[in-house]
Structures are given as structure tokens and as C-alpha cells.
């Protein structure tokens, strides 16, 4: 068994076994540590996939594209587990969680990681679908874990909308198979993405179009594109903060990844509908809708959830535009958004803990009471609202300029949306970190290391991206066409 | 090599900021000294580049920024002249800051950002590719935003900072679009690439408009100026000086770089929008300034005015260049650049003065000041020079540049286009009006603050400020005088820039002219000699003084003011700032600001006091910004319902979308 | 025309001529004021003071001691000399009896406007220095008037120098009577506008009344209310000079005949001087007549008056383009 | 393959559509549950039939599971819930029955229209089945959005899912059908359990979705 396939198996097996183990351990301190260790091991073995790739089977595949996602995924999964270790015990003290639930939480965390990794490495579109459903269900359970009315309601909403999404995605998958089976013949090959992309030219365009509509809606619900987004804000706001971080940082990406896989299939067939315009439209709608929604938010986590919708809109827009520059920008934006947004949720988690509330009205003058935390939050918000020298500025620079030189009229709503979102975020951020301080100024015990790691990376990427990554991103951008 | 040194000293500024965060919070002087030294290095570089202009601009590429392009830096004479302005002002302002920071409470919130702010402005001027330029540009906004928030506990500062930041980001996005067009589809983001890349007339015009809006939002062009009078006063005074004196100039640099260098002047009519906007900006700016009672806000509005003047000259230069009169365009451009320098000098001087007032009396309200010429003689004297200079009085520098601008306007007969023939003199008349009102405005400014009798206890107990501040203001004042009396030499300094931007457009070297006289076009056309005028006025004045005192009496008796026999000792009886503005308000107010005077004279026997109130509306805010924010809030409210739907309704949304897409699909596949 | 600025080492007679001009105007200014007063008195049927009365007043004033308000600053004391100096310099650079004098090129028409503005700037400050209500009224109204009069003046400058293709006064006046300018609408308008400005700037009727005190509509007098002794003398003298400045400007631009050209002989200079005197006499007479015919207007009518002047000036400039490009 | 096979498959698929309409039409809770049971039975039959004509034995398992799970376990559970919640009388609909029916018609028409351009190259059986399946899916969705009561929404969802299974089994030789159907059954189990949980927790006195919505955060 080759080195690469060893790494691959590790990426899949470690989370599963960790989940089993964690489900058995009662002591939450130990389980938190195991959680961190498992996540780290997964990350390391994922990094090994750089070195060597396993051969593509009809079920699993590792190529440039999903390596980007896997590495990012496992890395954020790892940092989040670190954060969660320093965060979750406070929840226990404050009585929001019982040890039983905490055990369940850790197990589910690993299940979630497994689901996402499986979705990313699966070559079989049916398997991918199952994996994404698994990931969704585990997050549903975590969102509801606090068992407050709000939490349960959010979980319920997430669950219903998510299931409908899943159903639509499945129908799309079946249609794809049908289209493929006409050309390739029955059997596994007709569901293997690697084969589909190669043979897509000979598929029945009408079936492909229909399939893409369903897949766009199905996986788009997971991505959180408006108007399919409804589950997202509440799920972020009511679940435990680490889960919010993982949701925004990872699960949305995984869904987007699925969408991209199918976009490539569509693009490979000349007669089929061009997927670009659809994605561009939905991206713009999400961007502008979310931008306006930001202005009325009172709950800090819900606000950043909406900002995730906004950024997913930008990313979808970029991939919809296509072309080397826009795709590169899309990938970069996705990576930067994952890092920044999860970092922001870390910070928000600390803030909510020290101030004892998620309502922004109750949080003022952070830079006075908690200078480090406050300024870190400032950095995070600036980074997410596309201010240099942070990575998102570079991607927005590329998206806007390339769009304007190609389709000027599309750039207009784009910058309007960006500006609106900027205005809202800065307005709230000023209110949070400046002005006469309110609320407690109890010291913040949690570790800020994950934050610094994330924002450090974002800052670095805004100024200098290592050539290795550049080349890598560019090949992927080329793949995406 | 030279670029490398420049970048090194910029990096030095960054390090300074870092150290300021880590160690030097309680020792501001060290930080400012570091800033001064780095600024001096950059100043030397700028000077060297201007004195010995190299034919080809040296470019340096770092593997930063957009990976496949890298970050380019270059110093040509254009960047050099602005480097000069930036760093000269910054250095002197930092000297002022050493003194000022002793009274600054929020040093911890100023020191980390100040050096980065300087670095940002320098980088904008050094950058030679779109990404680097915008990076530095946003850096400038970001740090100045943070500096505006130094006193973050006052609500209006928060509001000012917010409006400022949003407007700044609007500008940046507009510039993004500009560069997007300039770079073209293949995305050649370097300045070389953009120069090489040719645009259609349509998109070139679009670039012009976008560049005007993008840079104008930072420079403070009407109607994008609303943030400026809010943000500049909110910052610590030395920062206000830099924001007003320098940052707006960096925006001007952006405009010149994009339009004159990257884009190139395509058509004669391009000057028209620039001129018109500039004229409106100058006029509205100074009129709003006349009515202010807050010292720093008044100065900020007058910055708006001067930016307008600069853009008027740029517009003239564009029109002349578009009609292929390079020489005249050169004169106009020279006027613009001279005014850039001059305004940087006297505006920074005046802001430092306002800062000293703040330190000495703790107030920014002119109504509380008065009679400070006795208690703060040096500040008063420098402020007097600054006010005279900004009022365009000979022989100071403000007059020199405006004189040159008038000369340019008098060249307008050589326009062939009708619209220009008629526009230029009208703009000239507007400019004259502006200059005159500026004089009135600064009579009011100086007279209310430094003359008369103190209007509050703070003004009563004011003391002269520390030595550093005085030295800084002295330097600025000296520069105002020098660049005023020998405008010819100053013009020679900007010659290389004109050479670079307008081939064979530079005016004859002025050093050759005898008597240090200033002859822009031709001797029989017009000439001006500041130094002689200065000598004449001073000599004849002192001569007369001596004469009178010698031959006639020099007796002098102090007594109470006569005041037509009705002397009233109470300082309330003297003219206040607002009462001084009343005649002008009567003339211009109703038309432009909807100024209304509400007088209530109680009927006889009624014991209530008579009241007098004046209301002034900022029409631009009411007409443009109020509706926009209203619209945004309105839509936000409407959309916010989507947060509170039932699950079933959300499902219906999904369902509806699905059906919609299927319908579209059905239609598409039919056709 | 050859270069209008002089070689580094000027000739002796050039210096002489320049100084002659300076002191001639200095000597003539009070006389001119006295003359206008006399004429006006006669027109009003009074005998009026003798023509040399202004000299006597000045002499008396410089002899008197200065009574200075307790809180008057150094600015207050130096302003009179500054105002005098700026006005005097401005006047000595205007071609009166001869053009192209030694230093005329050191300040062109715009610079002269600037010099006068400088004087006004400091005078207005002086009005505020003591901090009395009258001073405030005076200077606030003065700057209001100036803020309209100055642009009007500039537009006149535009018209003239667009015709003459130069802002250099000597060049203008030479151009005006050498080349065939002809009778132009725009020039006529400019002249009218300039006269209105002159009336306003010198605080003559109908804008202001130099002979008033304690009248709420007064402008200039209120501003200098606190001055006494030699300071007042300086201000009076500056006022007289300013009046002559405008007269000479009008003379050198619109009535340029008889001004001796560059490097002319003594005889030409003498002739020029005589003609200049004649011009002054004529101007004084007209001014007196004008003032005795009309009544003073309310202060807040002044903006309309000056606005009219400004519009006239601008119209003149624009008309110029129309007429030129046909 | 004899055309009888097709016709029977069509018959079953068509009757599924018909049953979906009846679901929309039915206004009593118990009645809805009964019709859903029928729905499940027909589905099971059609899966079995497919298993037979495609001779794909693993589909028999799917059929059996559909039968046991959907036609027996779930209905019983639902009936018990309904009785415990005393909501077996008429259920409030968001859209009137008539309008719903009309919409349903349009949806069926739409699903046929979008399926028409599909080239007959892919075998007609699958193509027709797809059209029916699509209508069942859309009708299920319609039921979810036109009913206010959670139980009937769940039933709507399950009928939707039946449509999916129909499609999956209709697509000849599609792998993983069993796994997918299992996964879906898990999903449905979750939903039902969810309702039960909500019932157990006293916070919600009914599972009508609007009541859940009262608990939403970020209220103004």
C-alpha cells in the first residue's frame, strides 16, 4: 500500500476511530486533549498528501483541487479543536453543558471532520452526497446541543431545510447518473466524477441542465446562498462557538466544493447550459441580501454568520465568472475567508464569554477593557471587510478588477454589495471595540494562539503568498476553467 | 538603489510603529524623533531626484503582492516632488508633535499608527503597480481612521471616523474599477503595463470620471467632501495637519499619476469636468469655512477650498494639453504643483497653530478665545503669516501660486474650443471671489482668536506653548515666506515634473531671470517679483515710521478704548466670530445654505429675553447623503423581515426558487 | 517689445525717474483729496476748506501724541505704516506720467490688486484688535465689501489684460495708446465696473461717507475709530494714496494718452507730469460732482451694487471673447 | 423486454403521482397518514418490480425496507403522536385545497415539460419514470409548504423522498441505491424522533412550526 494511500486512509480513519474513543471517555479534559491530538494527526496526514497521491479509485480520488480543500479543512479543524479545548470547559462551568453532552460533543466533532473529509476525497458522487449528509446531521445535533428554545428551534430549522436541500441534491445526482449511464453505461463508472468529467461531452445536455438546477439548489442550500440561506444565521448564532467556526470555515466550503465538481462536469459539455450565469446571479443576490441584513443585527454571532453568506456570495460570483484570474481569486478568497471567519468566531467566543452576552448592545469599549482581544477583533473585522494588508483585499482586488475589465455592469452590484457590507461591519465593530466601555472587564483566560495563527496567516497572505501555493492555486484555477 | 534606500526608511517607519507598540508608549519623543530621521532620509532622496533628474525612472520589484506580478516601486520626478511635500511637512509636524504629545492623553492610541500613517503616504507615492498603490492607499486611510479614533470616547468622533472610513472605502473601490479598466482583460497591473495599454475613447473617459471620483473622495472634492470637515478636526492636531496638508495632496498625486501619466490626456474637453468640480469645491469650501466657529473645522473647510483651486489648475492643464498647447499646460501644471506645496506649508502651519491653541486653552471654539496675541505672541505671529499666506496676499507663497493660476487663466484666448474660452474666465472670476472670501475668512479667524479681548477664562489664562511647537511653526512660517518671495526658484523645482508629464511643456528656468523675478510665459506678458515687493514694503514702512517718530512726536499714552465715547469693558460686547460672519452670511447664506435668522423681539411689557438664532443647512448632505442612508435603512428594514419567517415560509422560498429555475430551464430549452 | 525688466545695474536717470514718481504721487495725494473736497463744497454752495487743508490735518496729527487703547497689540501699532507702505508701493508702480519705469515690472496689475488687498487685510485686523463693537462692525463690513469688490476688480483686470495680451501695466498702457484698440463695449463696461469698484473701495458716497462719525452705516471710519495721532495720519495718507491709485489706474489704462514711454527725455517726462495733473483734476471734479449728485445707500444694498460691478466685469470678459473670435 | 413491463412500471409510478395528489387533497390527519401508507406500499411494489425487471436483487432489500419502515413503523409512530397531540381532526392549511390542487397540476405539467427535451437515447422507461418522480418530488415539496402542521410536513417530506427512491430505482443499474435509501431512512427517523423530542420537552406545547418560531433569537 503506497505512501499516499496510507495518508488517505489516515485522513479518513483517524477521525472515525477518534470519534469512537471519545464517545467512550467520560473525563472531558482528556477527551478535549484527544480531540486536539486526533485533529492534529489528521492535519499532518493530510499534509502528507502533498508529498504523494494515492491512485484514483472509483470511490476515492485525491487531485490538486481537493488537496487544497482537505489541507485547509484539516488545518482549521485542528486549530478549532485547540480553541474548543480552551473554550468548552467554560461552558461546563457556566452550566450550559453537562459532561454527557460534552462527551457527545467531542465525538460528534470528529464525526463532522470525518464527514467533511470523506466528502472531499470521494470520487463517487453518491458517496459524496452521503458524506455531506453525514456532516450535516452531525452539525444539526451540535447546533441543538445547548437545548435552549432558540438552539432547538435553530437546529430544527437547519434540519428541515438541510434535509430538503439534501433531497434536491440527491435528485440531481440521480439525474447526473442517468445522463452518464446513457453514454458510459451502467455501473460505478457512471458515478465516478473523474470519469464523468472526461466523458461529459457525450452526455445528454437536457439531463445535465436539469441535474445542475437541482444540484445548485441542493448544495447551494448548504453553501448558504440566498434565498436558501435561512438555516445559516441561526445555526451559527445558537450553536457552540467552535461549531460556528467550523460551519462558516469548513462546511460551507465543502458544499461549495461539491458544487464546483459538478460545475466542471457541466463546463465539459459544450451543448449544456453554461453554469456561470446562474452562479453569478445567485452570488450577487446573496452578497447584496446579506449586506443589507448586516445592518439590523443585534446578535454578534448572527452578524458574522450573515457576513459568511456575503462572502460565499462573492466566492460563488468569482467561480461563476471563471477564467484564471477570477478562479484564482475565488480560491484565495475561500481560503482567506475560512481562516479569517473562523478566527473571528474564536475572538467572538472569548468576547461573549468575558462579557457574558452575545448581544452587541451589551459589548462596548473592548479595546479599553481587553486591549489584546479588542484589537484582535478589530484586525479580524478589518480583514473580513476587505481592508489591506489582509488576504481578502487581494482576492477582492482581483475579482473586482478582472470583472470590471470583462463585464463592467456586473462589477457595479458587486462593489455596491461590498461597500454596503463594509459599512455595516465597520459600524458595528466601532461600537463594539471603541467608546465608553460597558460590561465586565474580567480577564480573558482562554488561549489566543489559534487567533494569532489564523490572522497571522491572513496577514502574510495579503502581502506575500509562497510560490508553491501560487502554482498550486493556479493549476486548480486552470482545472476549474 | 535609491528606491531601495527609500523603501528601507519606509520599513524603518514600520519598525518604529512596532517598537512604539511594544516599548515606547510612554516615551513619545523617541518615536517622533525616529519618524523625523526617516522623513529626512526620504526628503534627501526626493531632493536628489529633483535636482539631478534621471531620464529613466529606476524601478525595483519585490516578490510581494500579486504573485505573478510582484510589487513594483519607482521614483520619478513626479513621485519625488510629492515625496518632498510629504516628508518635509511630516518632519516638521513631527517636531511639533514632540511638544504636542506632552499634552496628548491618548499617546498609546496615536504612537503606533502615526509612523505607519507616514509610511503609507510614502508608499502611495513610491508604488508603481496598481496593487501596491491601493495597498498603500488603504493603509493611509486605515491608519488615519485609527488616528481619528484616538479620542474614541466622544460620540461625534466615532461618527466622523465611520463616515470617513466608508467614504475612503468608496474611493478605494472606485479606484479598483479605474485600475481594472486601465489594466485590461489580461490584468497587466503594473504602471508600465497600463501606460502601454491603449483604451477606447469611451473607456478612457470612464477612467477619467472614476479617477476623479476615486481620488476626489480622498482629496475632498465636492460633493465627496462631507467626511473631511468631520474627520480632520477629530484627529490629534499634528495628525490633522498631516491629513489636511499632506494626505489630500497624496490624493492629488493619485489623480495626476493616473490621468496625466498612466492614461494620458486624450481630449480637450476632459479639463471641463475637472475645472467645474474644482470651481464648485473651491467656492463651497470657502463659503462653508466662513461660517464655522470651530477652529479646526474652519481650517478643514479651507482645505476643501484649496483642493478645489488645485483641481482648477489641473483642469486647465488638461485642457491646454488636450488642445496641444504644452507650454501653457506646463504653466497650469506648475501652478497646481506650487499650490500643492504652498498649501501643505501654510495649512500645516495653521493646524499646528490650532493645536497650540487647543493645548493652551483646551478649546476649539473661536467664541471662547480672543486676545491671545498678548499671551501667545509667537503662535500669533506665525498664525498671522499663515493667515496672510492662505489669503493669497503678496508677497507670501499663497499669492505666488494663485498669481500663476490667474496668469494661466489669462492664456485662455488661445483655446480654440468655445466652451473653454467662456469657461476659463468664469472660473477665473469664481476663483477671484473665492480668494477674496478666503481673505475675509482668515481676517475673521485671526481677528477673533488672537485680537480683541479674551472671551473666556481659559483664554485669559492661556500661556505660550512649548519650544518644540514654536520651532515647528517657525519653520513652516519661514517656508511660507521663502517660497513666496522667490516663486521662480520654487517653479524651477517642479520643472522636471512638468518635463516628465508634458513633453516640452516646461517653462523657462527661472533662476536665469535677473533680480530673482518670476516670468512664467514672457517678460512683456507678465512678471512678478516677490522679494522686491517685500523689500519695498518693509523699507518704506520702516522708513516712514522712523521719519515720523524723528521729525514729529513719538509720544504715546495708554488709556481705555475710546469706542466713540461708549466704551464697554465687558468682552461680550465685542464682535464674535458669528457676528463677524453676519454680513457675508446675509450675502451668500440664504442662497447656498438656506441660512435663516430667527429673531424674537418680545412685545413691550413681556419680560422674556429677546432671542436671535441662525440656522444653516448643509444642502449637499441633505440632498445626497441623507436620502442614501435613508434608502439603505429602508431596504434593510424591509429585508430584515426575512430573519423572522417561519420554517414553512423559508421552505416556500426554496420551493419558489426551484420552480423558477425549472421554468427558466423549460423556456431556455424550448428556444 | 523688448524685455521689460531692467539689467542688473540700472541707469541713474532710471532710478531718478522712479523716485520722482514715488515722491510726486506722495506729494499729490493729499492735494487731490483737498481739491475734491473743495469742488464738492462749491457744488454744494459752501466755501469749503482750503485745498491744502489735508496737509495741515496731517501735520497736526503727526504732532499730536498717540492715545492707545490699553489692550492694543503691536499689530495695532504697525498696521498704519504697513497700510501706508503697501498703498504707496502700489501707487509708485503704476505708470502715472511715464511707463516702463525702473521697477514697474516687479508687480503687474494682479500684484497691485494683491498689494491693496494686503493693506485692507491688515486694516481689518486692526479694526478688531482693540475689541470694540464699532471696530467689529467696521471690519466685518469692510471684508464683506472687499469680498465682492476684489473679484470685480480681477474681472476688470481680465478684460484689460486679455485685450492687451499682458498684465504688465506699462505694457497695457503702451498698448492702449499705441495700437488701435478702438472703442470696445467690453472696455467701456470694464471702465464702468472699475469706477464702481473705486467708489466702493475708497469708501466714497454712495457706499460710505468719509466725513461721517457715529453713523451706524459707516464702514471705513468705524474700523479706524481707535486710531489717533501719527497712526491716524498714516491711515489718512494711505486713504488719499489709495484714491489716487484708482484714479491713476483708470488714467493709465483708459486714458493712456500723454504717458511718456520708456527711456523718454526729461521734456517728455515733464509733459507727462502735466497731463497727469490734468487727469487728476478732471477725475477729482467728476468724483465731486458724482458725490454731490447722489445719496448714500443702505449698507446691505452694497452687495447688489458690487455684484452689479462683478457681473459687468465678467460680462465684459466674456463679450471680449465673442467680439474677438468674430 | 416486453412492453408490459414498462406499462406496469408506468402504472405504479403514475399511481404514486395520483396518491401524492390525494395527500394534497386529504384534510384529515389520520386520512393523510393512511394515504401515505398506501404511497409507501405502492413505492415498495414499484421498487420490487424494478428489481425484477432489472434483475437487481439488492433492490428487493430496498423494497422490503420501504415496506417495513415506511408502510408500517412510521405510520404507527405518527398515529401515536397525532393521538397524543390531539391533532387528528382537520389540519390548518396555509393554501386552500383547491389552489393547492391547481398548483399541483401545473407542477406536473412543468415536470413533464422539462423532461421532454431529454433525448430518448437514454431509455424511455427511465425518462418517463423521471418525469413521474419529479412530479412526486415537487408535489411533496408543495405539501410541505402548504401545510402548517409539522406532522403533515414530515409526511410531505417523506412522499418527496419516495419520489427520490422511485427515481433512484428507475435509473437502471444505479449503484449505492440501497445505501442512499438507508441514509434517507435515517434522516426520516431523525425527523420523527425530533418531533417526539420536542414533544417530550415541555418548552413546546405543540410542534406546529410557528410555535417553534416564537423562540427565535435576534427579535427586535
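For reference, chains read A, B, C and D in written order, and residue numbers begin at 1 within each chain.
As a working rule, a contact is a pair of C-beta atoms (placed from the backbone, for glycine too) under 8 Å apart; a residue touches a chain by one contact, two chains touch by 3 or more.
Here the structure is a predicted model, which is why all the values come from computation and not from measurement.
Q: If you tally contacts for every chain pair, which pair is highest?
A: Highest contact count belongs to chains B-C.
Q: Computing the C-alpha centre of each chain, which chain sits at the greatest distance from chain C?
A: In terms of C-alpha centroids, the chain at the greatest distance from chain C is D.
Q: Rounded to the nearest whole Å, what is the centre-to-centre distance of chain A and chain D, using the mean of the C-alpha atoms as each centre?
A: Result: the chain centres lie 31 Å from each other.
Q: What whole-number Å value describes the gap between the mean CA coordinates of chain A and chain C?
A: Spacing between the chain centres: roughly 78 Å.
Q: Centroid of chain B to centroid of chain D, CA atoms only: how many Å?
A: 69
Q: CA centre of chain C versus CA centre of chain D: separation in Å?
A: A distance of 99 Å separates the two centres.
Q: On chain B, where are the residues touching two or more other chains?
A: 640, 643, 645, 647, 651, 654, 658, 662, 665, 669
Q: Provide the list of chain D residues touching at least two other chains, using ranges where the numbers run on.
A: 114, 117, 141, 144, 153, 212-213, 216, 218, 220
Q: Go through the chains and record each pair that touches.
A: Pairwise, the chains that meet the contact rule are A-B, A-D, B-C, B-D.
Q: Can you tell me which positions in chain A touch chain D when the two form their complex?
A: For chain A paired with chain D, touching residues are 124, 126-127, 129-130, 133-134, 137, 140, 147-150, 152-154, 156-157, 159-160, 163-164, 166-167, 170-171, 174-175, 177-179, 181-182, 186-188, 190-191, 204, 206-207, 210, 233-234, 237-238, 296-299, 302.
Q: In their complex, what parts of chain B are in touch with chain C?
A: 370-371, 373-374, 384, 388, 391-394, 399, 403, 406-407, 409-410, 413, 418, 421-422, 425-426, 428-429, 432-433, 435-437, 439-440, 443-444, 446-448, 451-453, 513-515, 517, 519, 523-529, 532-533, 536-538, 540-542, 544-545, 548-549, 551-553, 555-564, 567-568, 571, 573-575, 579-584, 586-587
Q: Quick check on the complex: what are the chain A residues that touch chain B?
A: Checking each residue of chain A against chain B gives 156-157, 160-161, 164-165, 168, 206, 209-210, 213-214, 216-217, 221, 227-228, 230-231, 233, 273, 278, 289, 292-293, 295-296, 325, 367, 382, 387-389, 393-394, 396-398, 400-406, 408, 411, 415, 418-420, 422-423, 426-427, 430-431, 434-436, 463-465, 467, 470, 474.
Q: Note which residues of chain B are touching chain D in the complex, please.
A: 640, 643-648, 651-652, 654-655, 658-659, 662-663, 665-666, 669
Q: Using the touch rule from the top, collect the residues of chain C that touch chain B in their complex.
A: Spelled out, the residues of chain C in touch with chain B are 1-8, 62-75, 78, 81-82, 84-86, 88-89, 103, 105-108, 110-111, 114-115, 117-118, 120-121, 124-125, 127-137, 139-141, 143-144, 146-151, 153-155, 158, 161-162, 165-168, 171, 213-214, 225-226, 228-230, 233-234, 299-300, 303, 310, 313-314, 317-318, 321, 324-325.
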